[in-house]
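Below is a structure I'd like to ask you about.
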Amino acid sequence: MGASKAEITAFLAREFQRTQAKCEIGEVSDRSATIIYHTDHNDLRPGGTVSGPTLMLVADVALYVAILGTAGLIPLAVTTSMTLNFLRKPAGDREVIGDCRLMKVGKTLVVGEVWLYSKGIDDPVAHAVGTYAIPAQ
Amino acid sequence: MGASKAEITAFLAREFQRTQAKCEIGEVSDRSATIIYHTDHNDLRPGGTVSGPTLMLVADVALYVAILGTAGLIPLAVTTSMTLNFLRKPAGDREVIGDCRLMKVGKTLVVGEVWLYSKGIDDPVAHAVGTYAIPAQ
Amino acid sequence: MGASKAEITAFLAREFQRTQAKCEIGEVSDRSATIIYHTDHNDLRPGGTVSGPTLMLVADVALYVAILGTAGLIPLAVTTSMTLNFLRKPAGDREVIGDCRLMKVGKTLVVGEVWLYSKGIDDPVAHAVGTYAIPAQ
Amino acid sequence: MGASKAEITAFLAREFQRTQAKCEIGEVSDRSATIIYHTDHNDLRPGGTVSGPTLMLVADVALYVAILGTAGLIPLAVTTSMTLNFLRKPAGDREVIGDCRLMKVGKTLVVGEVWLYSKGIDDPVAHAVGTYAIPAQ
């Protein structure tokens, strides 16, 4: 059974204090989640764009939140792979939105995709596909 | 013509002040580079391991430094894709080593792989393959 | 300007006789294409499932057709990368459907995703993200 | 315990008759394998080059053979993901060589990389990273 937005927010606050401060859960439901990431100067690259590793962080959190929303509060799920394609320069002065949809929820592997956006701009800035391993229960 | 280690260090210090503080260039030569990344508490995840986005950052910098060492100081090269496979938990109390070797240096695309290690431990913690687009000169 | 379905079908028949025999274009429009692939015994694996390389072939053709439908008949576009995630066993006795949507159409690089299905079954069997390089004109 | 070259050859001949006819095992040992693929006109693309899906097939077989050589004859291992980067045009009149090295052999997941070559030419034509899921025993 999946966890609620309030349960996941409390769980992340406990487990990932630092990331949590910048990552807000927009929505979470069975097999999907939306993350709003509040960029600051630590996320920027020359030219006022958002760094690739920051985009990966948002994709990773969006996937993790979608998994928690689907399968419940699993602390030991770990990322096993991620493929990112960078499509357009993100705007450094806007929040990053990560929209995740799970493709497969297996017993040991979960696969999902994440579209990344600069808030308020239609064209995506990046796309990610990631895999999490779920520990045997 | 490729840039030297001193030239690249000065270039990164100018362009990427913040990252540079934690990323040291171990070696750089034609088509390869080694990066030593000094982890701190900002890079850690619960369980004392290094976060995935930090590993991606090291892979990205290693690729970029190998490109600068091969093709010279190109400020506008941008990452277009990256695939990471996470193999083992990195030790949070060790530096991360990124060993990059370029596979292909084309006119518009450069492809390389990066093996990531916890310093002093033989088995790699992750593997990355990334692509940079080189702007037309 | 993009090419029409009839133009692309004729072009593929000329250039890729063999593949074309098994690949039918369902739809093609600006930035998207659907391919119907007629599997035969050469595509099967033990257990009556469709082989991974056959799925890659369908993904590759779907991407190529979407590019031709968007940018016109470019014979020299070449695949530079592809990432596939295999989600469920495809049914060996059904056609494979490849649904492609382009994410980015740049001057030198095109990136798209392809969802692969066993015809008539809702859950996708695989997902692909691929990149084509477009030669300078 | 890993299987020998003769055991794996017999196993593949039984399970994958068709592929086996074109795939010869060069070497197999703990965590590595080399495959020699005999291309024919079915593998070619316009311009006399080898198709991407053929390269994926060679990568997939090389990974599978390395797994069998490491963990024994596991018929139910399945590919869960593969990322290919195409580096240079393969020569259509040469065999394709696939050199696989496993990066991680876990209880449920195996990850490996494969370098693909046109036989007798030093520069690789493609690079693949793939993951197999190993069924619980």
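Structure notes:
All chains are identified by letter, namely A, B, C and D, in their written order; residue positions are counted from 1 within each chain.
Following the convention adopted for this analysis, a residue touches a chain if its C-beta (ideal position, glycine included) is under 8 Å from a C-beta of that chain, and two chains touch if they have at least 3 such contacts.
For reference, the UniProt names are A, B, C, D = PaaI family thioesterase.
Remember, it's a predicted structure, so these values are computed and weren't measured experimentally.
Chains making contact with chain A as well as with chain D: B, C.
C-beta contact counts were set side by side for A-C and B-C; A-C has more. With centres computed as the average of Cα coordinates, no chain lies farther from chain D than A. Centre to centre, using the average C-alpha position, chain A and chain C are separated by 28 Å.
Taking each chain's centre as the mean of its C-alpha atoms, chain C lies 23 Å from chain D.
Put simply, the C-alpha centre of chain B and that of chain C have 33 angstrom between them. Counting partner chains per residue, chain D has residues 80-81, 83, 85, 131 touching two or more of them. Contacts from chain A toward chain B in the complex involve residues 15-16, 18, 42, 45-46, 51-54, 56-57, 60, 75, 78-86. Contact residues of chain B toward chain D in the complex are 83, 85, 87-88, 103-104, 111, 113, 124, 127, 129, 131.
Across the interface of their complex, chain A is touched by residues 80-81, 83, 108-109, 131, 133 of chain D.
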